[in-house]
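Presented below is the structure to which this report refers.
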Amino acid sequence: MSTNSVYKLHNLTQTYNDRTVLNIERLNIFAGEILAIVGPSGAGKSTLLRHLNFLERPASGSLKFEAFHLNGEGVPLNLRRKITTVFQNPVLLTRSVADNVAYGLKLRGKSGDQVKQIVDDALDLVGLNNLTHTGARTLSGGEAQRVALARALVIQPAVLLLDEPTANLDPYNVKLIENIITQVNREQGTTIVIVTHNIFQAKRLAHRTALLLEGRLVEIAETNTFFSNPSDSRTKAFIHGEMVY
Amino acid sequence: MLSYLQKMVLVVALLLLTGGPLTSAPTHAQSSPKSVACEQEVVVQADDWLSKIAEKAYGDVLTYPAIAEATNLKNAEDKSFAQIENYDLIEVGWKLCLPSAADAQTLLDFALAAPEITPSDSAPVTTDVGRLVLATTTSTENSGLLAAILPDFEAKYGASVEVIAVGTGQAIELGENGDADVVLVHARDREDAFVEAGYGVNRQDVMYNDFVILGPETDPAGIKGMTDVAAALTQIAETNSLFISRGDDSGTHIKEQTLWQATSLPLDEVKDLEDAKKITYKPQGDWYQSIGQGMGATLTVADEQQAYTLSDRATYLARTLEGIDLVILVEGDSRLFNPYGVIAVNPELHPTVNAKGAAAFIDWMTSLETQQMISEFGVAEFGQPLFVADSVAWNAAKQ
Amino acid sequence: MDDLIRGIIQAFEIIFSLNPALYEVIWLSLSVSGIALVFSTVLGIPLGAAMALTRFPGRQLMTALLYTGMGFPPVVIGLFVYLMLSRSGPAGQLGWLFTPKAMIVAQTIISFPLVAGFTMAAVMGVDPHLRRQLMSLGATPWQATVTILLEAKIGVIVAIVAGFGAIISEVGAVMLVGGNIEGKTRVLTTAIVLETQKGNFDLAIALGLVLLLLSFLVNVALLRLQGKAFS
């Protein structure tokens, strides 16, 4: 794991109807790390992810991705295509599982056997190769979540953003997805930011963990340090389940 | 023809005199003669006609109604005199009364005096005939005639008239199916066929109007002022000038076909898909456009396209108020005559029809008061009437 | 009742008689409505999609106008087109009145709000989060829009079918602006009115059956298309 920053955020704010929902004073995300962002519901975790995927425009502050400084203009497509998100509630297309997984590749102009091979491999990886031709809308929640992961992985993103990817899943699926996350990070060096309200998942997966409270970054530290020796009292309260939220 | 019409007229005039059922009694300048003295009594011989006897007695064939009336007046006192109901029918052996020349003139003057119609202040006829379905041609509706006169009928007879304004073909079909109670149309052959086939009863002449050939003021075919309608149509064809045909099997369309047939132009004969005996005639060429719509729409299309068309005068005049650039180019040819008839739907065939209402409607339509309304309709707006009243009673009264 | 049964029997005889005049009317109906449908689809689908997917000032007013347009009496549209194309109207110089062009204009105006409105409803029915997820997978805004339209394809096909159904069966407007000229602007609906007025109920029924059959076939064809798009 290098310490090159993929993202540099400075005084990044987001407001909805005059209410500040995100206010990140400073946050650097390193290339190849798994960063877990924990915090109660409504802390601004998902909003932060959307900013990292350039799906929202900040109200103020700066966001730098690799060498690109976000400004008033659009984000170059080739940069944007290095990042993808697996959302908490993935919406799949009313097509077959394979077509859903292939979608990102098709967008990038790939076609034919090449796509088929990549899709098959991805479905193997998430353990759904028996459902290749099934209609995606008929899948269970766990299966849909795995298809969403597969369709994100096939495009080989430099940054993979995961928004509660295992919420409401059974232990088998949780385990499977967590294994894939660590595998992709290890083998492909993918930078992963995972939003979770489950501190144990953060502990299991992340190199570093950050606590977000009311849109502000309370603490960010090596995961071990974060859990064993938090510097902020609110972090301490949160990891001991004493925080009321 | 003329004398026949006059005879018919006088029959009705006499009926009126005697308080006939067709109308409320008109008031006249002169009072009705109650009795008459016979200067001469004549017994009808073979080959005698009333007019012949009149000529012999007074030196004027047209005085024969006086003889008939005098005889009928006499018949009231003395049954040895004949009762003459039909001036065309006198029988050998009948005794006739020939009044003095002066009396004859009085009788004649009276008979020929134009009726003065007084609006009826008497209470409306109380017969409640209810809902009456009138199937009629678009011209009566589009010209506004029905709207002007029907309220009178509805008030007098406690009726509510539903007007279905369609082409003559459909109007007659509605009658055949018993979907209408009475029809008011203008296509004499169809009307007669309708009655002959037993679908209709009690056909009466109501009125007539005439057709005119309309076209743009520029008159590219150069037919303005022509009096021979066939020649005018031929010229339209030969100059390939746009002509809009109603093409809807209406009375106007049927009339138009007979006019084309009167030319020597080659015509397409289109067999009806349903009835092979029914043939539509139309001239050949793109300049002839059949639009299958009512008179109003046809005038609109012809006006827009600056084309020629055949229209009844009533609808045309009504449309001139709303601004139409077409002008009358050909009129007055006797072949452009357009008589309307009213026919009751046969209640024996369709027991559900409103026979009482239909009979009342026909009586009312042909009555002097209604005929007066018809003759006056349009004068205020156009300076000329749109229809010429033509019922037997009216013609009789007018003579 | 007799009329109806006899009419239906004769209707089939007429349909199979291969009468050229009948097929001319059918062809004109299909081509006029078909061309109008192409126009209203080309205009209506993008507008419907744009109104569903974007927020702009006046959007609510536009939506209200569109819904009003969906319920607008076709004959009033016919009247409007008539007045525009009339010799004395602003577009009178075109000389389109009483030609198939005028009918296409009227039918396009009639079907366009239906296509746009139903498209808008269909696209709005697609999960609102889909667009963000597609963008996240690297779609350009255009690619995302196309994907969303494909997701809404059942609704979009319904929009097109509704547009077609409205104009193939419409009579008032085409009568007004087309003039029902034989061999030129006479379509199935105006021919039905004419034959009914002439008392030719058999022929009117035959034409009515043809109209029914055409609508049915077109709907089946579109639904098959929809089935194909699924697999």
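Labels A, B and C are assigned to the chains in the order they are written; within every chain, residues are numbered from 1.
The rule we apply is simple: contacts are C-beta pairs under 8 Å (C-beta built on N, C-alpha and C of every residue); 3 or more make two chains touch, one makes a residue touch a chain.
It should be emphasised that the depicted structure is a prediction, and the values quoted were computed from it without experimental measurement.
Going by the touch rule set out above, what shape does the chain contact graph take here: line, ring, star, complete or other?
If you draw each chain as a dot and join those that touch, you get an open line.
Mean of the CA atoms for each chain, then the mean for all of them together: which chain is nearest?
Of all chains shown, the one whose C-alpha centroid lies nearest the global centroid is C.
Out of every possible chain pairing, which has the most C-beta contacts?
Ranked by C-beta contact count, first place goes to B-C.
Would you kindly tell me how far, in whole Å, the mean C-alpha position of chain B lies from that of chain A?
92
Taking the mean of the CA coordinates per chain, how far is chain A from chain C in Å?
The answer is 47 Å.
Chain C touches which residues of chain A in the complex?
Residues of chain A touching chain C: 50, 53, 55, 77, 80-81, 83-85, 87, 89-91, 93-94, 103-104, 107-108, 151-152, 155, 161.
Quick one: which bits of chain C touch chain A in the complex? Just the residue numbers, please.
127, 129-130, 132-140, 143, 147, 150-151, 230
Where on chain B does chain C make contact in their complex?
These residues of chain B touch chain C: 166-167, 169-170, 172-174, 177, 247-250, 272-274, 289-293, 297, 301, 303-306.
Touching residues of chain C toward chain B in the complex: what are they?
3, 10, 14, 17, 19, 22, 86-87, 97-98, 175, 179-184, 186, 190-191, 193-194, 196-203, 206
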